[in-house]
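Before anything else, here is the set of structures, which you'll find just below.
Heads up, the next two complexes both have chain A, just with different partners, chain B and then chain C.
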Partner chain A sequence: MSARKPYVRPMGGWWRRNPFFMRYMVREASAVFLAVYAVILLAGVYRLSQGAAAYEAWLAALRNPLAIVFHGIALLAVAYHAYTWWKVMPKTLPMLHVGGRRIPEITLSAVGWAAWLAASLIVYALVRGL
Partner chain B sequence: MADSTKTIEMEVLRYRPEQDTEPFYQTFSVPFADDWSVLQGLQYIKDDLDSSLSFRWSCRMAICGSCGYMIDGVPKLGCRTFLRHYYPHKVRVGPLENFPIERDLVVGIDDFIGKLESIKPYIIPREARTLEQGEYRQTPAQRDQYEQYSSCINCLLCYSACPQYGLNPGFTGPAALALLHRYNADSRDQGWEARSEIVNAEDGVWRCMLVGYCSEVCPKGVDPAHAINQNKVNSTLDYFGVLKFLMPKGAAK
Partner chain C sequence: MKRANEPVFWSLFGAGGVVSALLGPVLILITGIVVPTGTGMPPEAMAYPRVLALAQSWCGKAALLAVISLFLWHAVHRIYHSLHDLGIHAGAGAAAVCYGFALVATLATAYLLIIIGF
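This part shows the complex of A and B:
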């Protein structure tokens, strides 16, 4: 008869065990702010389709201090999400070589961060009518 | 022990299945020299303090992959982790997370061994070469495509770093999927189809949520997260039936 009696440890609160897991959870949770922001933006498009008065009302709602606070937090969350998105992106690519040398992950991430920054600046310039 | 001037407190998780209902920490005072590893501390405990302590070890030089433990909550090899880095604080040593504890620091790895066999960890050529045809030839560039993944020593630190494996033990997991990719990426191998069922399954690459800690703790730079996540792309291409056109070496079996 086997004397084995394996003990299986519980997984409750696993993400609090290690700072690495906590950063992972923040990374994933930051997507929620992105989703809520997208819903608010879609609501704006819908209000625009209903006419000028409806759109003005939506704009007025955005001037509410709570809406401004939310958008401030959402901006930080989305920035962090974009940062981490490019950070892990190289894991999804095959090994890339240039001139017989492998391109390091940090280089691939840096290209992504630069593209993200450039795209953000272009959108900002367009919105401000520069 | 005469030249030892320092003593560190080692808290070791004990679990004796015949008498304990659950694990508990036992503290040992271990005199140590500067070059002592955590493994040497455990050996001192077993030789001089409590011979009932059970733990796995073999080579003492980070190549056999036997002495993986949770050291202060981080999966590490006992032989390449030094007591001096924890002194003057105490150090906690436990069995690898996400595996059932058999006894003290020994965990059950039957599940992983089964998965390792299932991924067909050997070269599957489309047509085996005969002795007369000579060896399989390969360029350095072709070798670079899989060499890092072939460095895996099956120490299972990556499984202990993977919350997905802890939550869903059905997940094929980092090391097995990295080794699967090691063979798929080998120019001498045409076994994608023979292994594709495991890659494409829900418990295959798609179970991975890219926490990425497996690659952080790997003592051999295998980067399992990279092996798994580039195969999400391959799995998608396979689903749409275009992968076989993209494989320069063609698919077999």
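This part shows the complex of A and C:
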């Protein structure tokens, strides 16, 4: 008896054939940058727990040109994730009505994008020291 | 009937998605570009005493734990489900690695924030 060899349709490169799938995969890939960034922050908390010298070494590592290039790419990737997150957000909500009319999806997305902008400005101001 | 664990992971994915969609870009901009290059912000913005004070406050601890752990729960959920898109037939082992990583990182962050003190 030979083992069954079920046919598995090859999937190599399927997402490169269509711009919609490309954008989907770019969005999914943003998760890798988000994960690496979270690990960098976790390393920062670890170095902080070791004292001033260790924390300064972590800050110095962030000044490495490669680190800055990584953060530049990560910024673009996570910003694209944020853009798409609020873009599809209306589809995850129940239909909302005001005055008997359904609120258009673009209005709900705009609220999300505005919240993103407001949160970004508040955090920037707080870290900068107002 | 065995209860599905997907709602738990999806909730963490959703929470991480919201937090990263609100704060991800600005945090990367500040800690990864603005402060290291010394543009747009005084270098004291991330100086040791200031960041230590943040990590020693209850609010700061909650914020750091929420950001680090939810970013990771969000990211590993996406990565795990993307394995299928790449033609990798991910099983229980891949799920254990992905979600296990987020769990260990969450516990490690919480532990570090406790030993940093108050």
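Rule of thumb we're sticking to: the second predicted complex is superposed on the first by the 118 of 130 C-alpha atoms of A that agree within 3 Å, B and C clash if a C-alpha of one lies under 4 Å from a C-alpha of the other, contacts with A are read in each partner's own complex, and residues count from 1 in each chain.
Operating definition for what follows: a contact is a pair of C-beta atoms (placed from the backbone, for glycine too) under 8 Å apart; a residue touches a chain by one contact, two chains touch by 3 or more.
Since the structure is predicted, the reported quantities are computational estimates derived from the model, not experimental observations.
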item	value
Touched partner set for A:N18, first chain B, second chain C, both or neither	first
First, second, both or neither for A:P6, with chain B first and chain C second	first
If touched residues of chain A are counted for chain B and for chain C, the larger one	C
Contacts of A:M95 with chain B and chain C, given as first, second, both or neither	first
On chain A, positions contacted by chain B and by chain C	11, 15, 28
Chain C residues within the chain A interface of the complex	17-18, 20-33, 35-37, 40-42, 44-46, 48, 51-52, 55, 64, 67-69, 71-72, 74-76, 78-79, 82, 85-87, 105, 108-109, 112-113, 115-116
Touch list for chain A against partner chain B, complex	3-9, 11, 14-15, 17-18, 20-21, 24, 28, 88, 90-95, 97, 100, 102
Of chain A, residues touching chain C in the complex	10-12, 15, 25, 28-29, 31-32, 34-35, 37-42, 44-46, 48-49, 52, 55-56, 59, 62-63, 67-68, 70-72, 74-75, 78-79, 81-82, 85-86, 112, 115-116, 119-120, 123-124, 127-129
For the chain B and chain A complex, residues of the former touching the latter	15, 17-18, 22-23, 73-74, 97, 100-102, 108, 141, 144-145, 163, 166-167, 209-213, 215-216, 223, 225-226, 229-230, 232-233
